[in-house]
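Common to both upcoming complexes is chain A, partnered first by chain B, then by chain C.
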Partner chain A sequence: MSFVEVEFAFFLPLVLIAYWLLPRARVAQNSLLLVAGWLFYASWNWKLLSLLVFGALLDFAIGRSLGSRSLGDVDARGRRMLALGVSLVWNLGALAYFKYSGFFAQSFNELMTAIGIGASLPVLHVILPLGISFYTLQRVGYVIDVYYERQKPSQSLLDFLVFAGFFPQLTAGPIARGAELLPQLAQPRQLTPKLLASAAGTFLLGYMLKAWVADTVGTTFVDPVFANSDQYSSGLHWLAMLGYATQVFADFAGYSLLAIGTARFFGLELPINFDAPFISKSLPEFWRRWHITLNRWLFDYIYNPLVAGSGWFRGRFYSALILVFLASGLWHGAAFTFIVWGLMHGIGMAVQRGWDEWYRGLCRKDRKYVTLRKSALYGLLAWGLTQLYFMLSLIPFRAGSLADAAGFARHMFVSNGNVTLSIGTMSALDDLLCVLAVVLLHLLELPRLRRFRDTFFAMPAPLRGAVYGVLIVYLFLFVPVGASTFIYRQF
Partner chain B sequence: MSQALRKSLIDWLDDNYHFGDAEGLIGGDDDKSFLQNGILSSLGFVELLLFLDKSFGVRIERKDISPANFDSLNKIMNYVLAMPSYRGPR
Partner chain C sequence: MSESWKQLCAVAATALAVIVGADIALARLAPPRQLREVQDGVADLRSKNPDTLVLGSSHARTLHVLGGELERRTGGAQTLVAVPLENGKLVAYDWLLKNKLEPLVDATDGDGHPAKSRLRRLVLITEWWDSCPRDHDSPYWNLPARAWTFDDFLADVARDGINGFNRNYLQNRLRRIFSGSSLVYDRTQQVLVKYLVQAARHQPLGPTREEVALTTTQWQAMVEHGANCIGDAKQMQALADISEFAAARHLEMTILLFPRKPATLNERSRQTTLPQFAALVRGFAAPRGIRVVDLTTTAPVGDDDFMEDFDHINAVGNKKFASWALEHDLGFLLQPAPPPVSSMAQGNGP
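Up next, the complex of A and B:
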């Protein structure tokens, strides 16, 4: 079951009605959320629900154990480290087994064959538990925060189990911190008209992005070009990449808004996951705006401790950046295409850092370089390069193999294909409208234009309702039948 | 609060990020969030920690390595001045 499947259209209202009919008490509300979360997960695979539940129970117990002795207690240091180690081994071990064992065994076998050694490891084909990449990071973050006393251990098993299995975010985030969700779960939630309106607006926007924008652009334009790359002209390859950037943003930002909107229906606030990434003028800015909760996790728990810690990586910004983005690539999927994607962004971040260092030197010498950096021309160039680099990095991200990626990249410059875009067809116009919708959403985040967005939300409820109504009618007419799954759900 | 420490931090921000504009960005509000107001990014914050160590001998404890602890001039100064290892202008 996912947000855009018909089962969810029955599941969500039923759970919501039951939730708000219950007494406004923490235990009652959290009990229902827990049952709903487990049902939601079991509807996908009831056997693998046990992995989710066992991991949550383990991390709850480890959190309590860590909380019983302080970080400064020298006598307890060994026991605390052991507890942290058990959690990390279990969580990351499960992730490695389910997600990477097949990939590593196969890669090892290919390497052995290539160098003429006949050794081979058995390649396991195991089901990837839904959401494991997301719920694992959420729980690992919690345990590390408790270890370092940045987070008090949860004292309620019920609250913690909901935190570890809250169904709106269970399959693809946003990855919340304990400090963000646990305090909310410790309080009873109240229903207000403002809450409902905000939840509905967010949910509708998410649905629009996913079911209309992502699925339209994906099915009518991007997929055909990637499936038969050699038949299309070079120009269409570039347009397809632009389309894919639109699709992947709309798909995942849409999912995230659906998750945030659904959580809000229950009176709970999840962290935002996207903040208009296509207005970014540098790669660091881009990663602060794209999949925010994953990137802050990678920086909080890998980059910052490495660079500011006392080990080999201390002060080695470039190596740490490449490592973090390699980890990000591997997190996205067990394939060389994702490793290349991660490497591209690690190198991109390192180059950006090198450029910034060099440019700082110029600014120190002469203030005219400060003025130049603030100019529209510099901004435009920086924006163009950032977005182009991200778009090109999507080639390995989207391709099924490195050979496909290389073929697609070649066809972007040289292609014998003669299929061109049929401008004026309904499908092409719908694609264009989808792209314009994403552009508009980004423009409304620019400081100069944000007031238009604020004006809309300040309008009387009936007027806003009418706009939502028109949007719903449009979606009914133009959403492709049989919406696809979410791209990030596979990770 | 130590004005000398404050000046060192402003100088560092100017020398690395704002080139004379740091004081203006902070606008007299030493509680202003660095992250929320574009004064320092999460990447820059790690560089700040290394600067504090190198210049003032303040070794940040691993548990404290979080942008939230260093998100404003006042937060940084409170943290730094409370560190026993601090060697610098008080």
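Up next, the complex of A and C:
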């Protein structure tokens, strides 16, 4: 089940009505959320629901166990580490088995063949449990936080099971921290007009981004070029890359908003996942604005412990950055294309860090460099380079193989293709509006332009209603038929 | 009610008013069609005691119109119920027959007598496409889902999870909830934007000459390629099952090969797909004593009698067809079917 499929049009209203008809009591509300979450998951594959439930039960027990002994208790250190180890082995082991076993076995076999050794490992073809990359990280984050006493262990099994299987975020995040969601689950929720308005607005915006922008742009001028790269001109390759950046943003930001909006319908707040990433002027800023919850997880639980720990990586910021983004690439998918994508961003982040350090040195010597850094030209250049780098990194991200990625990259500069995209006038206008919608969303996040957004919300209610009505009619007419799968759902 | 709730209601009410207003305005360009669906046919069979049961794809809707004419001409002495299964194939008809129609056909009243005591005929409407295998890369064409109950849906979900196949059930339910909406209806037709542009340019509404030419070419190619797929083993087995169903109940069975829009047929398909399929059906029917009525090219319906989809006969064509067919090849429907040698009424039926 996904937010833009027809079943959700039945599921959500039914669960919502039941939820708000229940007594405003934590146990009643959480019980319904638990049943809804499990039903939501079981509608995809009820057998693999057991994996989700067992992992949640294990982590709840481990959390309780960790909470019963203090971090400072020297005698309990071994038992605490064992408990943490069990959780990590189970969670990361399951992730590795389901997501990476086939990839590593196949890669090993290919390597052996290449060097002339006939050894071969059996390649397992196992179903990738839906959302495993997301719910695993959320639970691992919780257990580590409890271990380091940054988070009190949940005392309620019911609350924890909802935390581990809250259906709006179950399949593709946002990855919440225990401290964000568990306290909310410990309180009964009240229905307020503000909450309902916010939920509906967020949901509508998410739907617009996913079902209209992402699916329109993807089908009209991204998929055809990627499918037959050699047939199209270099110009269309650049257009397709621009389109893909728009598509992947609209797809995942749209998904995230749908998740956040759905959670708000139940009176729960999920962390935001996107914050206008295309206005970023540096890669670190970009990654603070793009898939925020994953990146903060990677930095909280991999980067920071590495550079601040006592191991080899201590103080080795550049190596740690590359490692973190390699992990990010591998997290996205068990394929070399994702590893290359991660490597590109790891190197990009390391270069950016080096540049920043070097430039800070210049600024300390001469204040004119501070002025230069604040100039519009510097900003424009930084913005252009950041966005260009991100866009280029999407080539391996989108391509089916490294060979395809190399071919596409080559055709961006040299191509004999002369096939044109046959888009009708209305379709072209619709595509243009899609891109403008994304641009507008970003512009409205700029401090100088935020007041326009505020002006809209200050308009009389009927006027706002009319705007929403027109938008919905437009979506009815222009959302492509047949919702496509969310790109990030496959991760 | 607090001010905020009032504001929220005002936003929702205005939005709804705009949507409904637009829906009504757009309905003038492309009004939603209330098509007879399989549920309607099943409901009719449940409540009526017809002489003839008609089973087929969406083409069976034409026989529904013919049923009205039949009833008028016979003063209600002869009736039929047409059950159209949108986009169905023989396997789907067989599923429908066994799972939804059989319980109704075999039902008895409180005294143990057959509830459908008048039922003597089964007319199966088909064409070459029905005997081709299901397109496996397109599970979304699960049209039997239109005949599903919620239990059927749940059983399928429990077995395979929610997928494109069983999602048809929900999509169909949702469409029926909003069956009066032009905006919802257009999700299946995708013509409103085009019509809006045409209306703005003061052009006649409908497909352009280029679109008609393209669709004609595509249809001709599809029918022509049909020669490569007709007679699929599973579909033919389903046809055999359907005929056994009729024989076991002593129903006089007729296979009606439905008229095709003349423009969709080129010379090649007239020499390959159509005669090959007709021969296949006749070869199947002859040893079983099944009547075959081949109206693929002989019914007096022209290109103008078909809808824009090139597939279905339009309202004017349906009337023309009904009138003509009852005077010609389907005239037998005007008369009662000969009584079976050993009828169900005598207690020898299943």
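Throughout what follows, the second predicted complex is superposed on the first by the 487 of 491 C-alpha atoms of A that agree within 3 Å, B and C clash if a C-alpha of one lies under 4 Å from a C-alpha of the other, contacts with A are read in each partner's own complex, and residues count from 1 in each chain.
Going forward, a contact is a pair of C-beta atoms (placed from the backbone, for glycine too) under 8 Å apart; a residue touches a chain by one contact, two chains touch by 3 or more.
This is a predicted model, so every value here is computed, not measured.
Bringing the complexes onto one copy of chain A puts chain B beside chain C with no clash. Of the two partner chains placed by the overlay, only chain B lies in contact with A:Pro305; chain C stays clear of it.
By the touch criterion defined above, A:Val6 reaches chain C but does not reach chain B.
Of the two partner chains, chain B is the only one that A:Arg150 touches; chain C does not reach it. With both complexes superposed, C is the one of chain B and chain C in contact with more chain A residues. After overlaying the two complexes on the shared chain, residue contacts for A:Gly465 are found with chain C alone; chain B is out of touch. The superposition of the two structures on chain A yields an angle of 160 degrees at the Cα centre of chain A, opening toward chain B and chain C, reported in steps of 10. For the overlaid pair of complexes, the smallest distance between C-alpha atoms of chain B and those of chain C rounds to 30 Å.
Across the interface of their complex, chain A is touched by residues 15-16, 19-21, 41-43, 45-47, 49-50, 60, 62-63, 65-66 of chain B. By the touch rule above, chain A contacts chain C in their complex via residues 1, 5-7, 9-10, 43-46, 192-194, 196-197, 426, 461-466, 468-470, 472-473, 476-478, 481-482. Put simply, chain A touches chain B in their complex at residues 71, 148-150, 284-285, 288, 296, 299-300, 303-305, 307-309, 314-315, 317, 353, 360, 363-364, 367, 370. Those residues of chain C that touch chain A in the complex are listed here as 2, 4-8, 10-19, 22-23, 140, 157-158, 161-162, 167, 170-171, 173-174, 183-184, 186-188, 190, 192-194, 197.
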